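Order of writing sets the chain letters: A, B, C, D, E and F. Residues in each chain are counted from 1.
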Amino acid sequence: MKLLRRLVPHPLLTLLLTGTWLLLVNGWSLNSLVFGFMLGILIPFVTQPYWPDRPRISRPFKAIEYVLVVLWDIVQANIVVARIVLFKPNSERRPNWITIPLDLKTPEAITTLAGTITMTPGTLSADVSDEGHCLLVHCLDAPDPEAVRDEIKQRYERRLMEIFE
Amino acid sequence: MNHLLIAPVLLPAIVAPFIIMVVRHHMDLTRIFSVASTVLLAAVTLALWAMAADGTVHVYELGDWPAPFGIVLVLDRLSAMMIVLTSILALPILLYAIGSGWDERGANFHALFQFQLMGIMGAFLTGDAFNLFVFFEVLLIASYGLMIHSGGGRRFQAGVQYVVYNLLGSTLFLFALGTLYSVTGTLNMADLAVKAAEMPADDTALLRVGAVMLLLVFAIKAALLPLHFWLPSAYANAPAPVAALFAIMTKVGAYAILRMFTLVFGPDVAATTGLSEAWLLPAALLTLIAGAIGVLGSKKIGRVAAFGAIASMGTLLIAISLFTETAAAAALYYLVHSTLAAALLFLVADLVVERQGPWIFVNKPMAQTGLISALFFAAAIALTGMPPLSGFLGKLLVLDATRGADLAAWIWGVILVGSLITIIGMARAGSILFWKGHGLPQDEEEPDETDGTETGAKPAHLPFVACFALLGGLVALTVFAGPATNYAEQTAAQLYAPADYIQAVLGKEAQ
Amino acid sequence: MESLFEFLVAAFLVIAGIFGIVGSYGLIKLNDPMSRLHAPTKATTLGVGGVLLASLLNAAAFGKYFSVHELMITLFLFLTAPITANFIAKVHIHRQETRESMPSAGEDHHWATHDTPEDEEQ
Amino acid sequence: MIETASQFAFGCFALAVLLNLWKVVTAPEIADRILALDTMFINAIALMVLYGMALGTSIFFEGAMIIAMLGFVSTVAYARFILRGNIIE
Amino acid sequence: MSLFLIAALPFLGAVFPALLIRAGRNAAASAAGLTTFLAFTGLMLHIPAIFRGETVFAAVDWLPALGLNAHFFLDGLGFLFAAMILGIGLLIILYARFYLSREDPMGQFYSYLLLFQGAMVGIVLSDNILLLLVFWELTSLSSFLLIGYWKHLPEGRQGARMALTITGSGGLAMIAGMLILGHIAGSYDLSVILQNKEAIQSSDLYLPALILILLGAFTKSAQFPFHFWLPHAMAAPTPVSAYLHSATMVKAGLFLMARLWPVLAGTPEWFYIVATTGLVTMLVGAVIALFKDDLKALLAFSTVSHLGLITMLLGFGTKIAAVAAVFHIINHATFKAALFMTAGIVDHEAGTRDIKRLGGLRHLMPVTFTIGMVAALSMAGIPPLNGFLSKEMMLEEAAHTVWNGSHLIVPVLAGIAALFSAAYSFRFIAHVFLGPKRSDYPGHPHDPTPGMWIGPAFLVVLVVLIGLASAKIAGPMVATAAGAVIGGEKLPYYSLKLWHGLTPALYISIFAVVGGAVLLALHKHLEKIWNALPRPEAKTIFEAAIRGFTLLSRGLTEGLHNGMLTRHATVMVTFTVAISYLAYQSGILSAATRAVQDPGILPVVGWFVLVVATLFIVAKHRNRLLALVLIGAVGLVVSLSFNYLSAPDLALTQISVEVVTIILMLLALNFMPKETPVETPAFIRMRDGALSIIAGLGTGGLIYALMMRDFAFPTISDFHLANSYKGGGGTNVVNVILVDFRGYDTFGEIIVLGIAAVVIFALTEAVLGSKVRAYLLNREPDLPQAGDAHPLMMVVVTRVLMPLVLMVAAYIFFRGHNLPGGGFIAGLIAAIAIIMQYMASGFSWAAERQRFFYHGIIGSGVLIAAATGIGAWFNRKPFLTSDFGYLHWPPLEEFEWATAALFDLGVFLAVVGAVLLALESLSRFAWQPGIGTEHAMDINPARDDAADKTGTEG
Amino acid sequence: MELLVASAVGILTAAGIYLILRRRSFPVILGLSLLTYAVNVFLFATGRLVSGAPPILNKYEEVVYTDPLPQALVLTAIVISFGMTAVVVMVALGAYLSSQNDRTNMPAEPEGAGDDE
């Protein structure tokens, strides 16, 4: 078991890579699967020193839900932002900084949250605080910063807490 | 299909990575492998020389693809001569580098040295124009490394100039090759020859541009004025053994001109006639004068050697630029001579620099003055073309071969006046270095305490062995001038009868 | 059915085009640097996404083979765009803002970009 | 219909590239220029995919993917240079 | 004894003293003397044959291609000279042994001397004029060493260089002359040339050849106006002067004129050039000699004068004058060598050779006085000594010579020269030896050891004997030698005797001797006049000329080769453009055969971006970071263009290379100034701009012209397209070309990359091994630094991204043979994946986790590629012959294998290793203590909070 | 299309040469980069311009391919010039660090030595 853990340090990554290979070769065949799986084992093994600790994902199915939520938000927010960009005069726009205190602790979780914020239009993660307890978010147009903060914490951070911690 | 043809390229190409990988941290082992490889290389090239001596053109089809579709190596008398010259030049230089401790003053000297040899060998052996470019780059990039070996502000600055200037040259090379390919649809040199000869008379302009750009590229390497500016500071600032090895680098340019402008754009090719008549010879004459004046005007011993090398390139290019068989024969003899002579002068200059610095100025007697001054005297005689060494014979051959030329009076005048200026310059340098300030030499020679020779175990006589080996080469070239010129004549004859070469490379497809 | 796919592909293309241009337009129109950062990283990402979806759908419906590898491009864009934005924002904070001009960093002292070596020595 | 939409998209992204160029050239701040260049990379990806779709080939896929992968590296390098001077420290 | 051996012995002799340096002075002298003696004896063995009028030959071919062969011959003339050279050489060797002091390196001296002797013997024995040239130049070189023997004396060095310059330049002219002469005669062998008088003298090239050869002879023999080097050569030790200026070096020119006399003499050109030069030299030398206070200078100018005399005689072109010339050559050699040795003795013993400080030595050095007096009287032309005889013959010939219609001019000037000659000879006797003894000699004059005076005494005996019994003693020799000079023709009537009756010569002679005595009496007054006369000092003029030329050379050299890259590059570009244009306009451009393609919208947009970005780079290049950002835009467009124009492989390569290059430049820029200052004036920028635009028009026009025409012949790539799959096993033709058709190029290319990395590594070592290291360790960043060197988000994303990118690299690698990709691009991508890691977590952190050493990766890459190529040998195929096939391992489907993939693996490894070694080296520049962290990211709340809980960290 | 490519080559060449003629090593390196683009595009264009016909053999149908050989040559040239660029950047850096000066022109040497007599 220990040997297996050393050989396959990141099982999820191995799966991800195998899937990636199939995506890359753009087709499904036994050869591809076998070969992709071999690479999926080899590459994490080779790169293991750069990722010494192993992130825990406690509830993988929550992750799928999360992805769907984010995708939907992206589509929705894109339209909002497009309207702001196209039609809202600069003078009426209220850009704002928001500080989001973090309950998340692990770097993987924080990064996912920050990435989500950036990918959903209208908000953008700009920085973390010097000890990593807060996230600095910039809003394109946020007359009410508290509302945005609460929504982020509610909609994303809560779900990520469930997934990662 | 004789695999020996690829050996001069493969041997250093394998030894160099081996040195880097396995014995990089063991200087002694590195030296042993480097010397052994070079000795073996000399043996291989001599064997190839023997193969080529009967006039057969040997072809090696890499990847088993027929010419002109794949790349071929071609061994004829000229390439055989050049690879032999390279390997027998390399050996004493390598011994010098070891003996003088130059090789330990920076990392990876021996690997770069082997790579350099690989590049030169490749350039001499290839029968493909683009592959010539590749091997030019191999030898150039190795030379960049050797040039800045052991570092130092001024050397780096000279290195920047050297690299930038040569990169411009490499760019021009690509422009030229692109043009030639675009016109003829081929890269193989023999095939280019066939195509150039068949070029329609009303479609010559672009081929001419390509050909002349190629000539300019080679002229840069051959240090033809006004494309020679890279040479003085590069050679004068390079470590001595490297500068000595560089003596063959200018000859790569000379070789390439000889090769391409006899085989491909030879005197009989209608489309490219008159490309160089108007300017190549005058430029060569000016090169000789510039070199001679430089010898006289230099304040540093290294620059004296560098300008001496330029002057000798001037003489060589004069002979080449006539594009006649007899002049080519003279050029080939002179080429061998000037390579050995320039290398010797660089090494001797280093013996001086090691003892009293680079300036032509003396404030203290140096160790081993007698030996060094004798070597300097010999090197100066050789490079200035004074008897009894081969330089004089080479000069006579060139004069003799150029007597029929339109500008014969100019050629003779320039060669002779150039010799005179060089003689005055060398006498000036030599008398200041070895006479001035040397009152009465001590019989007891103090051990040399200058840096670079501090490693006690180092055999201090090795540098002298190297110098005398080069000198021995010059003497041999003098004594066996008959056979040597005979070979040169046969080589020139082969060059000016390119049909055999083309037939050998293209086989049945040749017309 | 085919016309439905055709319509979908065309729609994706139009949407993509619109978002693409909006993103780059925003880059010019928006008047403060931090806001400009929003335009491309969002709209362009969907713009490219639209094209990729169109391509995927197009290949699936009309091509000779099923093509999914466009997803890889999306994957890389989604992974890298936040980092790009993060860094450009940090450049902005570094060059244009001071500790004082920034909002409070909550329980921590300041934002990481303004972290200087002297702080670490404390 | 796809043809027309495709032309439209081409036009949009080509125009977008020109807008990016405008910003690269005129932006007062280096950060804006980097941003505009990064955006240009992304628009270029779109153009490549569009072109491949128009030709009915997937030959451009790798090009687009590698731009997506590597465009980010140079952007980060520029930014790191401004932030830290040394991009590998 | 073979002529080869005679010619070779002195050279062998030159080696022994050098080897015997440590064996002592006597050993060196004995070795030199023995070899010379052997050679001399060998020569003497030929006496019977020579005096029978035969010629001895010895020939071996050396450089037949040129006609330069080791052909020697010995006839009367050669014998005479060889005998003098070796005979006087023996005396000099003896003399020098005692003359040189303990501090002088004796071995060196004898080596040089014998080298010189060998060269001289070579000259006189050569039957090949090219061979003669070899020895001729050797005498210049060896005399350079001899004259400069006393290195510590500036006059020695200057004199040596002056002699070398003058005689060397004459020698060079002579090379040309000899080549022309040989060309006319059809051979370089003297024995052939001497048979071709008609052809030579009727040739158009006669005059140039004559002038060039005479330049050589005149410079060597110190003829006016080249005479001035000779007195300065007196800085040499006296044995050298005695040798060079009596019998040898200066006589080489005379020898040459005598040697070529049969074919060159007898024309008006010859007469007016040679005779006039000789006459003027004779006069000038004699006059100057009278006013020299330095004994050796006096003798030097007298030598000049006598050389002029002989030259004049040869110039007359008559056979009888030639006889006189030969006779005077012998006589001059005897008395002049004796005189030099005498002067040396005086100098050696009295401590000075300044005539003004001498006098009265007759009492202190009777032997020396006797020798000197006899020799000087012979020089003055006093009977019954040998000098008188030949001078009489000279005056006789002069009296019969008509110069440009004038019967008087030659005899009168010759008479005046004889007058001065007598005067300075008398002065040599009177002012040195006669008069009262002085009390203020610098030394303690007394006669030297016999070793020093035996030589001159022997010569003086000859002087007297020849004078008294000339026909018996010198007659045969003169006849033989003169016979050789006039080309074997019948000798005219002459007789070598003291009394010829009351001839014009006798009157002139009496006038000269008496006048000479008068001049000596008036010397004090004449000297005043002489000193008041303005006279050009040849040495000063020469030195000024040389110095001026040296300075000019220095100015030109330093001015042109001054390391101004900007200028050098400007010249190069200009020259290239000009020559290329010349080549273009001298050819014919055919009509375009292709139509212009209509560009769509994308190319126009791309072109626009490229052009704007490029121009903007030029405009804004001073802001270096901005320029790099813009380069990124150019690279992007170029990559897209490749894609658009059907070159996906190129597009991939271009974009990957772009990224790595930019990273590299940013790493370097970190240490360099961030701005480029304005340094060039506007007009230079305008000039550079104009030149650049012309060059741009050139390349743009060229490629346009090329693109608008079809290939003139079918291109070889048709073969590649046709055979890529069949023979190379791949459908990506570009890749098959790279790894198969032209795999050898690729082999070279990866080696270039490998070398680049090795160079960079070595350079890094050199820089970090120098004082720069200290600077780097203490270097403060020149721009304010933001915090958070290793941001959390970047690190986390990299952890996921890196395996993904490596996966892509693997994908690109494996598909390369059939689809765009391949080892090179894969290598770059893999390298970038690792660079990402370096950028995210820093060099130190990542390097600690580095499992492979880049040197090894590069090396193994090259070796794998090489081994793949060599593998073909076992298949009896050439290097790099590829092979491929298909495998079926159930349950897997059939798949292809190809050796090309192994080769490509070599490429992959070399690229990865090279890129990373380069970047790693650069990163080492920036390393400072404390820069690295033990953590991958600077901020990590999970880590910090855990630490807080355990209390291990504050 | 040809005109676009040709003019691009010309402009890149001109810009490259202009920068190479500057006096500091960094602009010279920038110039070399631009010149490299120019020559690579030049070399590429010698195969004539064809769009949408990459030389990837199609097993199923007869199609036109562009000339693959110049592409292979350009690939080699790109790789080589990459190596060269890396080296020149490093040498320039070495020169700058060793002399605190990034001028490409060599400074005049100190009149270190005396003269001949």
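The criterion applied here is as follows: contacts are C-beta pairs under 8 Å (C-beta built on N, C-alpha and C of every residue); 3 or more make two chains touch, one makes a residue touch a chain.
What you see is a predicted model, and the numbers here were worked out from it, not measured in a lab.
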*Set chain E aside and report the joined-up groups of chains, separated by bars, or one piece if nothing splits.*
one piece
_Length of the shortest touching-chain route, chain C through to chain F_ = 2
*Of C-E and B-F, whichever chain pair has more C-beta contact pairs*: B-F
*Return the chain whose centre of C-alpha atoms lies at maximal distance from the corresponding centre of chain B.*
A
_On a CA-centroid basis, which chain has its centre farthest from chain F's?_
A
*Centre to centre, by mean C-alpha position, how many angstrom separate chain B and chain C?*
57
_Measuring centre to centre with CA averages, how many angstrom lie between chain D and chain E?_
59
*Could you tell me the distance, in whole angstrom, between the mean C-alpha positions of chain E and chain F?*
36
*List the centre-to-centre spacing of chain A and chain E in whole Å, with centres computed as mean CA coordinates.*
73
*Out of chain B, which residues touch more than one other chain, so two or more?*
130, 134, 137, 141, 144-145, 148, 151-152, 157-158, 160-161, 164, 168, 175, 178-179, 181-182, 187, 233, 299, 428, 431, 436
*Contacts with two or more other chains, residues of chain F listed in rising order*: 20, 25, 28, 38, 40, 42, 45-47, 52, 54, 56, 69, 76, 80, 83-84, 87, 91-92, 94, 98, 104, 106-107, 116-117
*asked:* Among all residues of chain E, which ones touch two or more of the remaining chains?
replied: 154, 157, 550, 563, 565, 569, 573, 628, 644, 648, 669, 699, 702-703, 706-707, 715-717, 720, 741-742, 745, 749, 752, 755-756, 759, 763, 766-767, 770, 785-788, 791, 793-794, 797, 800-801, 804, 808, 819-820, 922, 939
*Note which residues of chain E are touching chain F in the complex, please.*
154, 157-158, 550, 562-566, 569-570, 573, 594, 596-599, 603-604, 607, 610-611, 614-615, 617-618, 621-622, 624, 627-628, 631, 634-635, 638, 641-642, 644-650, 653-654, 657, 660-661, 664-665, 668-669, 671-673, 676-677, 679-680, 688-689, 691-693, 695-704, 706-708, 710, 715-717, 720-721, 724-725, 731-734, 737-738, 741-742, 745-746, 749-750, 752-753, 755-757, 759-760, 763-764, 766-767, 770, 772, 775-776, 818-820, 824, 911, 914, 918, 921-922, 925
*For the complex, which residues does chain A have touching chain C?*
20, 23-27, 74-75, 77-78, 81-82, 85-86, 90, 93, 95, 97-99, 101, 111, 114-115, 118-122, 124-134, 136, 138, 140
*Within the complex, which stretch of chain B touches chain F?*
130, 134, 137, 141, 144-145, 148, 151-154, 156-161, 163-164, 167-168, 170-171, 174-175, 177-179, 181-182, 187, 233, 299-300, 357-361, 428, 431-432, 436
*Residues of chain F touching chain D in the complex*: 52, 54, 56
*Hey, which residues of chain D end up touching chain E in the complex?*
10-11, 14, 17-18, 21, 24-25, 30, 33-34, 37, 40-41, 44, 47-48, 51, 59-60, 62-63, 65-67, 69-70, 73-74, 76-78, 80-89
